[in-house]
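As written, the chain order gives the labels A, B, C and D, with residue 1 at the start of each chain.
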């Protein structure tokens, strides 16, 4: 069973469908599946719903699919830094479902773990709780949040082996493992596919069972807020 | 804030109380907190409830606390291999709450993640579902399982640094991370405390935030079923 | 002639396809690994491992490396380790394509009993309830009848259930049966076993 | 004289004790890190990191290493990385001792609003709702009044809530107040600010 594909487009061949729900990894522009997003743009798939913490910026990440009007709805926790998003949202062209960041991450993990619903204190007493089931446990009130079961997951990792075992790097891990877990099909893009046996089995962040297709590519890895400090002179 | 203690007994000083709920890591005899269990035996703490996948064997693991009658109740998925356990259970001296293994692991993780309840298909239509809330999601029936919030967690890892970052080895990881997460206080025993900075930050299995006290010790690491194959002669 | 343990295991191995992630239970199911040939199968051990290898050579046992039956095993080049919550997350989440399990009883509606005999020794369900509820396909491998010659394929299970309506296919020493609408359907019989013999040995409705 | 941003941050740093794991919000809370002195504080960044270090030196920025404000940062010897589900698991699970956050409004019952102004730009709550619901202690650092001189410490919040009854302590440019039964209680005033001045600048009930 070969999981490795040559290009992002070929790795998405046959799995894209108008109106589908896609879970995407990444936080801000860090650890986003930039090559797969480009390929979805090229494929022209429409009416997409994205479960993704952010919506990219105007010309990078999910932002490029907003420009082409391929996105119908976002399930996100934070969508600042994206003027086109705001415009489409305020004009009613784009639906937006806000989820608290941790609720979104847990909803993805829950979907991947066969858990259709879980209770959380997050959002109780806020607009987030409106219309959701409330339940008391040991005298405290919680709301029911639902697992996300996506049609497709797209994620970005640092290294992979041919069986799809993935390793992430630093804070680029973020939403990638939960996003990968909750999709019926998961396609991963990585910086390097290494020989089988060269990843430490104790240090694999996402086992290959979650990864159905795999590409290696060159990533721009854009930095959103370049902040530095001065070296003190000795 | 020093987390490192000299002995298992000193690491448990002040945290043991009769009647408390203890979550313990380990699967079978693999990755069990053997030194801390010995110290609990020495402390003589009584009426304990253990959330632990197994109950050890008669003279090792939680089994030693069954011998001394320090255990009131077990929350476990499998308690074979333990004659004294069976005797106490059948005579009514010991309570036993069976949990499916995955439900037990998820209940511990849920407790550690502030989730008081979650829905699962596991056990629907079996004795496990009796008395539990049933709920349909998308046409399928699930039961509500509760997060475990333990008074104390005891776990065993391979390596730690002084801030309590833990690394496990092979299948000795098992229940240790979820058990560690669900306790108000977590005490860990490790084979080696390594200098700060020598663990790869991308490969830490359990961040030190979950670990309040730490000891280094020598472990017997008993093997329950020694199975081997013959080397074929060339 | 009915199949022996190894023939049953070999027949069960035919159920597995290239690229599958599979969980094998204790007993005959464990033997299935010997018959996968050059198919690319990855074995899950629910105590926290994908890519389970064979038993170690003598002297190379590692106390930190065991399977769900607590036996010492080895790792492969594809192996990954994870904790029990993650392990059962992938089981419950349907990521494991198939589980091959032993059973005490299977009912014609797919009910499975394999964890407890009331009044006798109570060991616990371990991961069996999670597996049957979560994996893509549940294949039972067991003798067609018990020691007393009574059918283990029943109209209704008499023992406490492991799962309700969970079994897809049953491989016994007499043949292969699928759980379908209204009862069990014979897929094939062991060489030399007639359909009539299989009917006679089966309490469950055969459709 | 009211405290300036740095004095507020320094005062907030006094809330932190040796061994604490802390999450700092964007703005003034970020400055708190400059005032922890030799206390052993571990900073969490909710995008998946414990042990957040300072900004990198120029030329040493790493696109894979950012904080929750998307700024490039560095790691420390104690650093660990994890995914977002684990990160918010520790937040929701109460493992983070304290969060120091900015706010638009705080009500006398501890309600907090800091994520949205209806009709204006909608950016989202990010991790703020999770933090206020989950961490051990929520400390708000903000100016006592808005640009128009109106109190930000209110009887009731007018903006959509981030959390209900979640704030423990408020540190403003005028002083420190605790949320207690019946309203806010003055803990201290900034040097040179009288309790009367603080009363005058506060809409919330002071008890």
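To be clear about the criterion, a residue touches a chain if its C-beta (ideal position, glycine included) is under 8 Å from a C-beta of that chain, and two chains touch if they have at least 3 such contacts.
Please read all numbers here as calculations on a predicted model, not as lab measurements.
Colleague: Determine which of the two chain pairs, A-C or B-C, is joined by the larger number of C-beta pairs in contact.
Modeller: Looking at contacts between chains, B-C has the larger number.
Colleague: Please identify which chain has its centre, taken as the mean of its CA atoms, farthest from the centre of subunit C.
Modeller: Ranked by distance of C-alpha centres from subunit C, the top chain is D.
Colleague: Could you give the separation in Å between the centres of subunit A and subunit B, each centre being the mean of its C-alpha atoms?
Modeller: Measuring from centre to centre gives 32 Å for this pair.
Colleague: With centres defined as the mean C-alpha position, give me the subunit A-subunit C separation in Å.
Modeller: Whole-Å distance between the two chain centres: 35.
Colleague: If you average the CA atoms of subunit C and of subunit D, how far apart do the two points sit, in angstrom?
Modeller: 54
Colleague: Taking each chain's centre as the mean position of its Cα atoms, how many Å separate subunit B from subunit C?
Modeller: Measuring from centre to centre gives 27 Å for this pair.
Colleague: Going by the contact rule already set, what residues in subunit C reach two or more other chains?
Modeller: Each of 75, 81-82, 88-89, 91-92, 134 in subunit C touches at least two other chains.
Colleague: For subunit B, write out the residues touching at least two other chains, lowest number first.
Modeller: 106, 109, 113-115, 120-121, 168-170, 173, 201-202, 205, in rising order.
Colleague: Just say which it is for the chain contacts: an open line, a closed ring, a star, complete, or other.
Modeller: Graph shape, chains as nodes and touching pairs as edges: none of the named types, so other.
Colleague: Give every touching pair of chains, nothing left out.
Modeller: Pairwise, the chains that meet the contact rule are A-B, A-C, A-D, B-C, B-D.
Colleague: Using the touch rule from the top, collect the residues of subunit C that touch subunit B in their complex.
Modeller: Listed in rising order, the residues of subunit C that touch subunit B are 45-49, 54-67, 69-73, 75, 81-85, 87-89, 91-92, 111, 121-130, 133-134, 160-165.
Colleague: Give the list of subunit B residues in touch with subunit A in this complex.
Modeller: Within the complex, subunit B contacts subunit A at residues 106, 110, 113-121, 135, 137-138, 140, 142, 146, 167-170, 173, 200-203, 205.
Colleague: Where on subunit C does subunit A make contact in their complex?
Modeller: The contact residues of subunit C facing subunit A are 18-19, 21, 40, 42, 44, 50-51, 75, 77-82, 88-96, 134.
Colleague: So in the complex, the part of subunit A that touches subunit D is made up of which residues?
Modeller: Result: residues 27-31, 53, 76-81, 86, 89, 96, 98, 100-106, 108-109, 120-128, 158, 168-178, 205, 221-231 of subunit A touch subunit D.
Colleague: Where on subunit B does subunit D make contact in their complex?
Modeller: So the residues of subunit B in touch with subunit D come to 1, 109, 111-115, 161, 163, 165, 181, 196-197, 201-202, 204, 207-210.
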